[in-house]
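Heads up, the next two complexes both have chain A, just with different partners, chain B and then chain C.
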Partner chain A sequence: MTAHVDTDVDPQAPPAQATWQSKLARAGLRALPHVGRWAAAIAGALLIFSILVSFKGANPIDVFGDMWTSTFSRSRSIGEIFIRMAPLALAALAVVVPARAGMINVGGEGQVIVGAVAAAGVGLATDQVLPGGVVLLLMAIAAILAGALWAGIAALLRLVFNVNEAVTTLLLNFVSLDLLLFLIYQPWRESPTQQPATRQLATEAQLPTLAATGVHVGIVVAVIAAVVLALALGRTRWGFRLAVVGGNPEAARRAGMPVTVLLLSALLVGGALAGLAGMIEFAGVETKLRPGFGTQIGYVGFLASWLARHKPVPVLIAAFTLAALAVGADSLQLDSGLPAATINILTALLLMAVLGWTAFRKKAA
Partner chain B sequence: MSILIDVATGGVRGGTSILYAGVGETVSERSGVINLGTEGSMLGGALAAYVLAAETGNPWLGVLGGAIAGAVLSSVHGVLVVRRGANQFASGLAVLFLALGLTSLFGAAYVGRTITSFQNYAIPILSDIPVLGPILFNHDPLVYLSYVVVPVVWYVLFRTRVGLLIRTAGERSEALTVHGFKVKNVRMLAVTVGGLFAGIGGAHLSIAYTNSWFENMIAGRGFIAVALVIFASWSPLRVFAGAYLFGAALALGPALQARGFGINQFALHVIPFVLTLVVLAVLGRRTISAAPAELKRVFENAPPDP
Partner chain C sequence: MQHRTLKTAFAALVAASALVLAACTPATDGTTPGTTADASGAPGTGGTAIGFITVGPKDDYGYNQAVIEASVIVGEAFPDMQILTAENIPEDDSAVATMEQMIDRGAKIIFATSYGHLDAAQKVAAAHPDVVVVQQGNAIAGEPGANIGTYFGTVYEPMYLAGIAAGAATETNVLGYVYAFPIPQTIANINAFIRGAQSVNPEATVVTVSTSSWCDPAAQREAANSLLSQGADVLTQHQDCTKTVIDAAEAAGVYTVGYHADASELAPAGWLTGAVWDWGPLYVDIVENITVGDFTGGPFNANYRVGYKTGTNPFVLAGYGPSVSAETIALIAEQQAWLGSDEGSPFLGPVLAQDGSEAVADGVIPSYDELDGMNYFVAGVIGNLAN
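For the complex of A and B:
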């Protein structure tokens, strides 16, 4: 409500000093402590990471330098950031929508995998007979439905049996991982003598790339999804009602809102977005299912959503940052001889700083 | 018959790491804090135990190190959640990522190292009891320790003053404040103790069960432990049964394969997870009403229509 005070300026009131420069300056002053907190939080995370890395005999300055140059100085690695960012952003949006209704979707990991499994099932069955564009469309539909279905299981357990969705979505991650492994170790395995994996998706059915950049169109899908969601959550009745349910379900119920339907829709949309992320990773990057497919996209997406405070457009920035860190992690392995998973420390510290020290308090636990 | 004994024995052996973690998580949740970082505490505990066992040759020092590592990691969760008011689920996953990163950084050098691990020790007389003997009394010392620790935790939680404080923090925290206790301190204690047990659970996995260290070796057992606590209705004694059930489901695959049944291992591996979901659904309303009131607030930020 207070947000309207600034915009609905009383026309009778004197124009005061309401020039845009002074407004900007005041906004800047108000944001200053905020920016300071963020800067301190990030600096703290980097400092702790440096100390830990130096325990292993690596010079932190060199480590950051190598990561920076190898991540941002080559156009190929910049493209790589956008390629990794696309599924991460979608997986983060899969957390954003349920969070708006006060629910916690920890199941992005599994929803990404079932999305990819559905896309692979449809894609590998049709890519020899149908034109590539049609196959892509069918794969996207299958992935969206599969992701929504997977989240729908958790929604059902929540709405009918009153089981907390954070716990069920988490458990479903392991079910979907076993489903993936089951399929690629036997029924969908290309050859019993080679590594367990499906055959490759036909080239025509793979995601097209943006003119000569080598970056597939997934990033465009992710950006569109973020903008559409920002509008849907901020400007539609559905988005408004979700926010009411998330803020105070009892009030929403008394106001006659269909709380069950709203909660269900939030989780289904979330699952659908994560499913789409799985399809994009499959048709754009991996092109075959193998063990370890899509590992951590869901969990990192979860972290990205919290970094962005569950806001769709900032999610793009958070996903970009985490994708850049992931690309930098490869340099960690190549240049500094540290395991790539070491980057998880920095990711975790950043999130902890944001969760605990940037004035973002949902409800005190 | 022999397959049943094999599966039950495997259930006890494989379930022990989950048992420790589940008992720790019970303590934490009784105080009103759910900790998905249990997975991370187990991971930290597994590595710390492995490193100490490798360097000192004494697996008991490994257990000590594992307990400390688990406690330190969970206290990070405690600080974020209890002191800084962070979201419990997000903070737990952040702790898991911290543990994933730390253990891969410091564990890389220990992949493939051999250690002095715990050995099985058949308890005289008891292990000769038909059926129950091999199932319960032919194990490593950490399994026997769990037979003692879990009832002790139950006793402390339900029959002592400290336990009362912990449970009150989870049920009616205002009552603690009224009587001059600091709710935050009680919860910090409970969360840290929870991580300590998770660390021992991780230690069991690395220095008594698999006798190896590899990245991400906990593979979801910590998450299972969290779910287990819910379906055990926050009772340490029921966690026993649940943990062994999981262990048995995990042991079923190898037992069948050893007898020549060619079953896709992933079809069996999925059983504990599906089982948990089914049990949670069946017990859903009943368990949630048994939940500590403060924990219910964490769970039910948006309850469905009545």
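For the complex of A and C:
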């Protein structure tokens, strides 16, 4: 079940009567250089990082060892990874869908924020009067609509005035931040004697957790969204048409495809996913809006999507990796005494290595 | 074919959702599993480490640097304790995760040092009754739990004194104030600063700009430029990292009043004075109190405040710049003694609010508690509290 869309013909296609063993062997051989490149890229990044860390007086082996222990052999950390991963994966999927149609959605950050704002607006207005489950549902709907609407502004500008959506989505991020600040400084501010923030969402209206793990259900939503998108992009007419528009809009137009509708739908679905990410972060983790709400979920999700080559299921792996790095960041400070920025260096090195040294097969984008 | 795939997927989805819902339990009171209650000892005792989280970097010429420097003094005073520091910890729920990482490394005492860390501090304290969390600068409403408290110095007192230097120095009668958030601590600083200035220069006004961040150099640069264009000839700030605004003032040839740290080396010409932190002694007192088991019900299990009146304000006046006259220095010394007396306060009534109404009646001195709730600007402040 992969979302991979191969549009060209493989010259080395096996003859029809080939056995599955030989097919597997061929596939393995073809993948080998690819896997090798990934391994080399990651190893190279870790090597450069080791050198930098040594200059800071830390032993790289200890640094990696402590980071691994702190992140993967501590139950609280594992839970923390899944909690952080959920909105990241959704924000990454918000980039995946427009990318399939050849568009770049840099506005995940803003769409996450307006999603959270809409969820907070609905949630805080109803959590005292309606049952928790209903409030959650209303918040999710509001967040999805708000995210889609926010992305819709960029879509409209693209379709009517042909303004590049990469620019408009990015600029709308700043507008959404101002909107958030206005609301928590003025109408929604809980207490004039505290840092500007809304009141807390009622406990019953917060996202439920999975059994006794302390992990909220956001991760399940993210996984379902990734699987559904993989099917929708890989197996439906809509997904196929998006890929055609992304590959060659003119060809799609001549083939009679509704290009405008397709482009619009891709951005709206993207915005909706990011909006949902905002709702999950609000109702699952933060439970109130603060000035720094969502710290960079949209931008990190953007990276996750590129890391996963804009494919829905690999996005989960990318989001997991970035979430694990974020959780491991504490270990760099607490165990190795390295500066807080160290984790950014490690993340950046890994991203540059993977994006730069592993082949980007354009046809699959 | 396509339809069958979709149908199968849909069925799988429904099944998966049902499973998930069955596995769900409603969120409880937010307590984290793995709570390590130790019934034998008092909260905060028996640890092997002390944790400090800061919202900004360790070397910010300001608030966070002062915390980290004092954590070193704590380490010297308690050589058996490991000092754990974590910088750049945001004022959101992720601070909880970092504090729990410290707890898992043996910390039973945690200093959550930014104003906005209070929510996270309260969450950690509730989930870990054996750990003491002390929060710097904010105030807990109502009765604090047995293992949490806040502490701070009366930051507005030295800012009142610095205001005297600013009021004496200004020629345009416009002072500029870059601040982060409209919270009582900041509002009291701005109000004290202008009242200090007006005590020597009744014409003085102060223009305020908020950046909505404790440290955002780009926003600080913009704010400083905006203040300079409005004619401000003394700039001061309530920011964690102070370099950008001070650099901007020095470059424009105007005066600077510093905050959090002595940055006179950044402004050799324009430096007037400033207020700097000396947290070491107070931190050591707090840790001492906790480790002997006296925290609960003690002075730090509350909103602990010290100032000139108690004689132990951890916020002290920095040195003077070359342009400050001997006359002004003498006046400031005199005023500092007055603030330390029972009759002195930057907010000794009558105090008029920005809109001209009476905020503090004639002859009244507001208490520290009342000032922790200050939510209005006084006369002479230009700007409003709504961002």
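The working rule: the second predicted complex is superposed on the first by the 335 of 365 C-alpha atoms of A that agree within 3 Å, B and C clash if a C-alpha of one lies under 4 Å from a C-alpha of the other, contacts with A are read in each partner's own complex, and residues count from 1 in each chain.
Criterion: a residue touches a chain if its C-beta (ideal position, glycine included) is under 8 Å from a C-beta of that chain, and two chains touch if they have at least 3 such contacts.
The structure presented is a predicted model; accordingly, all values stated were derived computationally and were not measured.
The superposition on chain A brings chain B into a clash with chain C. By the touch criterion defined above, A:Arg74 reaches chain C but does not reach chain B. By the touch criterion defined above, A:Ser22 lies against neither chain B nor chain C after alignment on the C-alpha atoms of chain A.
In the superposition on chain A, contact is made by A:Phe182 with both chain B and chain C.
Residue contacts after overlaying the shared chain place A:Ser54 against neither chain B nor chain C.
In the superposed model, A:Gln128 makes contact with neither chain B nor chain C. In the superposition on chain A, A:Arg290 contacts chain C only, with no contact to chain B. By the touch criterion stated above, A:Pro339 is placed in contact with chain B and with chain C alike.
After the shared chain A is superposed, the part of chain B among 153-161, 207-215 or 297-305 that runs into chain C is 207-215, by C-alpha clashes.
Shared contact residues of chain A, touching chain B in one structure and chain C in the other: 181-182, 185-186, 339-341. In the complex of the two chains, the chain A residues touching chain C come out as 70, 74-77, 80, 132, 181-182, 185-186, 192-196, 203-204, 206-214, 216-217, 220, 224, 227-228, 231, 235-237, 285-288, 290-293, 295, 327, 330-331, 333-335, 339-341.
Residues 2, 5-6, 9, 13, 16-17, 20, 23-30, 32-34, 57-58, 84-88, 90-94, 97-98, 100-102, 104-105, 115-116, 118-119, 138-139, 181-184, 212-213, 372-375, 385-387 of chain C touch chain A in their complex. Considering their complex, residues 32-33, 36, 76, 79-91, 93-98, 100-102, 104-106, 108, 215, 220, 223-224, 226-227, 230, 264-267, 269-270, 273-274, 276-277, 280-282, 284-285, 288, 297-305 of chain B touch chain A.
Those residues of chain A lying in contact with chain B across their complex are 52-53, 55-56, 101-104, 106, 153, 157-164, 166-168, 170-175, 178-179, 181-182, 185-186, 245-246, 249, 253, 259-260, 263, 299, 302-303, 306, 338-349, 351-352, 355-357, 361-365.
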